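Chains here go by letter, A, B and C, matching the order in which they are written, and residues are numbered from 1 within each.
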Amino acid sequence: MADSFVDPELSNSKRAWNEYFEAKVGFRNYWYPACFSREVQNGEVVVRKILGEGILLRRVRGRVRAIRDRCLHRGAKFSDKVECYTPDTITCFYHGFTFNWEDGKVETVFGAPESAVIGSKRRIKTYPVKEANGMVFVFVGDEDYAVPPLAQDVPPEFLDQGIALEGVDIVIRANWRMGPEGGIDEIHRYLHRDSPLLLYAKKSIPLGHAGASGQLEIVEGPEGPKGIIDRFKPERMFWDGVIHGKVVVSGVNFGPQPDSGKHKRTLYTSMWLPACLKVVSFPDNGFNLFEWYVPIDETTHRCFMTFTTACTNEDEVQKFKEDFKLKWKPLAVDGFLMQDAFARESIQNFYQNDRAWLQECLVEDDIMLMEWRKMCSRNSRGVQRPSHTV
Amino acid sequence: MADSFVDPELSNSKRAWNEYFEAKVGFRNYWYPACFSREVQNGEVVVRKILGEGILLRRVRGRVRAIRDRCLHRGAKFSDKVECYTPDTITCFYHGFTFNWEDGKVETVFGAPESAVIGSKRRIKTYPVKEANGMVFVFVGDEDYAVPPLAQDVPPEFLDQGIALEGVDIVIRANWRMGPEGGIDEIHRYLHRDSPLLLYAKKSIPLGHAGASGQLEIVEGPEGPKGIIDRFKPERMFWDGVIHGKVVVSGVNFGPQPDSGKHKRTLYTSMWLPACLKVVSFPDNGFNLFEWYVPIDETTHRCFMTFTTACTNEDEVQKFKEDFKLKWKPLAVDGFLMQDAFARESIQNFYQNDRAWLQECLVEDDIMLMEWRKMCSRNSRGVQRPSHTV
Amino acid sequence: MADSFVDPELSNSKRAWNEYFEAKVGFRNYWYPACFSREVQNGEVVVRKILGEGILLRRVRGRVRAIRDRCLHRGAKFSDKVECYTPDTITCFYHGFTFNWEDGKVETVFGAPESAVIGSKRRIKTYPVKEANGMVFVFVGDEDYAVPPLAQDVPPEFLDQGIALEGVDIVIRANWRMGPEGGIDEIHRYLHRDSPLLLYAKKSIPLGHAGASGQLEIVEGPEGPKGIIDRFKPERMFWDGVIHGKVVVSGVNFGPQPDSGKHKRTLYTSMWLPACLKVVSFPDNGFNLFEWYVPIDETTHRCFMTFTTACTNEDEVQKFKEDFKLKWKPLAVDGFLMQDAFARESIQNFYQNDRAWLQECLVEDDIMLMEWRKMCSRNSRGVQRPSHTV
């Protein structure tokens, strides 16, 4: 009974990225966003599945706690009927097993208050939790793993002071790896040529960027986040699609901006372990995109599409909140990022078959994607396996 | 191609209850209830799936017959278009293969009336049938198995004279084993603390009973039904749920009844092979509960929730029928037994993964459940396997 | 990782028809109908799944072309968002990979117009296409297979001059093999005894024909289509269904026709590789039935129910078209052929389990069915395997 989500006969065929191939349900021992802070009001619980593990979140005296959504005793799902008699405890509706949100230990069993299991070392799994920029992060991994600081698992600058964040999360019916691979993909700009965002923001976008090792930077020092950075070369962009000598489609090119004399265009994309895309100057100058692809199970992931901007006072924050609702959500989320999500669902049909990974036809300009797979495989802290999800 | 519903690598890991672990789709060579007698009117057919086998029932001249719902020839389902030209026969709508309800032999083939298969030893499977207390029982097993009397496969007293029975059957989305395990479970009384039945019947119920080998009786003599009996000790009940020294929830305690001076409370539960719970004095004094958990397939079972009472004349029977409809159905079925069914569905998510059986955390007071698993494994007449269900 | 749709332990147990047993998703390297010509208007695309392969059809300057519905690069489905900038090309919506409909080669990549993949030997799969009688046929097989003429893969007379064809296609939820087996089945006439077609056309039908090797002709010469022909013997028909000496059901017998003095009745049925039934004089004298069972996947097939008749001018063609709509569609398709389709779905539940093939109980008169299985196994050009469908 092989403990792998991937057919064992196939998983050794791509040596440079075997770990990545095996990580069908994600990399283990990393921080992942679970939900937005605003969703975990005091006393309420939020139910999530992350890397195949059912997880329950609750704000306890201001701090969010996370536990496995499954009773130690006989596996009942707490979330089927939530019972919290005190701020610190959760009780299973079935036999009254009562656990502490902090350490997962058995406080009491209402139906068997003399059991030796009470106060013993048996406990439900708890997950380390951090909040940052209005998002709740959960560390999904082994209980004896030395939990790294959150800063190691988010892109650079995400934790900077004075930043406001707005965003949404959406469940996408595609394996999580379709996310990063579509995000650092040099040549998919073609997909966005008709996005309403471009028109609004006077943003130029070519049909593709040439990928070349010279513009690639791999960040994998012992400290800090690990990722790959792609700095596009303006001289290596393609603007016209030509068939038989005739231009049939073009990128969007607004030319240099009157105020700055510069092109308004994305020039810097990066992807970070475990699964976060950072795009500078998106959706517009002065903003960054951080997009997470959090594995739910083999065929779905939760995508957090978030934008940040520097704010110096509450008025600016309110203005950003308003802008997100009225402009960036319709134009940049629905009108741009969802184009990528659509494409991820379209290729899922192919990649869900493990054999497909050996049949794809990557090209020279997919270098970022190939480097991403290798970088992940080199640096992985572990791979989620079926036995982790029981 | 292992002929087991359970992963072979796992099924040898729990030696004392391997048979039970393997019996994912039930124990074979036992009597199971299929439906209520009232559902099989003369000439009509009832379609059921029991232990994964499609079964068709029909009342033929007053007696219920049961056959496999699948034509001998090419497997057409009789129930897709039922054709009975005579009381004794059923004809497959496809090629006119006509079988006798009694012995399953081929009476004729309309499209091939000279075939050697007619009157040969080839036949469809027939199932022994017995009716008792308004229920239709079917023996599901090997055709050469020496069919035991029904009395061996129902709890004691179920076949006593002068008993009336009322009940319902409901399909529950949980493996059948969740049924008996939840039924003999000492410490799940907590689940029922808010049942409307308690208030109506002035019935007391603690949060749990301590389980102890002293109160357990195992019945497995060569004759008669095999089961385990649990006689609760009143001095070993728990009434208050305490967290950090504070009572947060309590059982329901009406104290001694004014008329009898006694507590009104369940004191005697038992579970019988293949899968029937008996509870004395439920839903109220003078009644017994018999609840069956009949495997349909790996993830569902049909639950027969039935109550019996002694009746000496037809007026009493009518009164009981009326009471069932107006009181016991809403209060004891919907308001009490369905709480258990809800819990079974909640733990199914865990136990459907075979690995989970090795990860559960049973406690001392789960002794009945553990003894049930062992008793079943010791006495099993056979386990249903995938090849039986084709 | 066995490359078979059938359990390897079972697939060697029926030696005379192993190839057929393995062909769960069809025989490879044959011509199959994909759609009707009228469905592929100039410039429009039609999406089909045949033998598990997603296929896209488009009429290019009058000629229908067929390609695999999956981008070479990363497997996106072209059909999710069709982009054809020129008559000869299709462009993947994701990265602008642009392919030629004729040879499947990469014309350009909008996002990477300098890639070496352009003009290389890497290409998407294209399928040979032929149109005949208003139907579009696609050759599904290996790209290096020497494509045989269409005439080898359709029944005799189908390609004759001066024939008009009308018909429909319907997706049936049964494995494709249920089609031919139900079509050449001698003894299933019983199924049709209540068809409205019989009443209208004054057509007689017995309950069954005896099957005998004497009336069977096997056609498997090196040239031309391969099939088996069944010539019913009028003296070997059965008209009455008798149970215990009493007639309980009868075939439909209109006796000799007043005009011809002959019985109006089907006397000649044949089945041809890869999967086409031909019935002469159906639905009435002067017409032929050609019915194809085209595998979609393991559990469904697309059934083309078509009738042909000789027409000498356009008025006769128009009359036939009208008759099909008003008479043959309701009477012969909905009222007769759909009875077979219903039966196929009813036995699918049995045959979907590979073990069932070893448990069926065929009789003497199933000789045509058994010979069909053997003939297919002897002559098969290949079997569709899971690796072909990725």
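Following the convention adopted for this analysis, a residue touches a chain if its C-beta (ideal position, glycine included) is under 8 Å from a C-beta of that chain, and two chains touch if they have at least 3 such contacts.
Because the structure is predicted, anything quoted here is derived from the model rather than measured.
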| item | value |
| --- | --- |
| Leaving out chain B, the still-touching groups | one piece |
| Type of chain A:chain B copy interface by residue overlap (half), same or different | different |
| Rotation, 0 to 180 degrees and nearest 5, that superposes chain B on copy chain C via CA atoms | 120 |
| Mean-CA-position distance for chain B and chain A (Å) | 47 |
| Chain B, residues touching no fewer than two other chains | none |
| Residues of chain B that touch chain A when the two form their complex | 7, 9-10, 181, 185-191, 207-211, 238, 241-244, 248-249, 342-343, 346-347, 349-351, 353, 355-356, 359-365 |
| Residue numbers on chain C that touch chain A, as the complex places them | 1, 70, 72-77, 80-81, 85-86, 89, 91, 93-96, 98, 107-117, 122, 386-387, 390 |
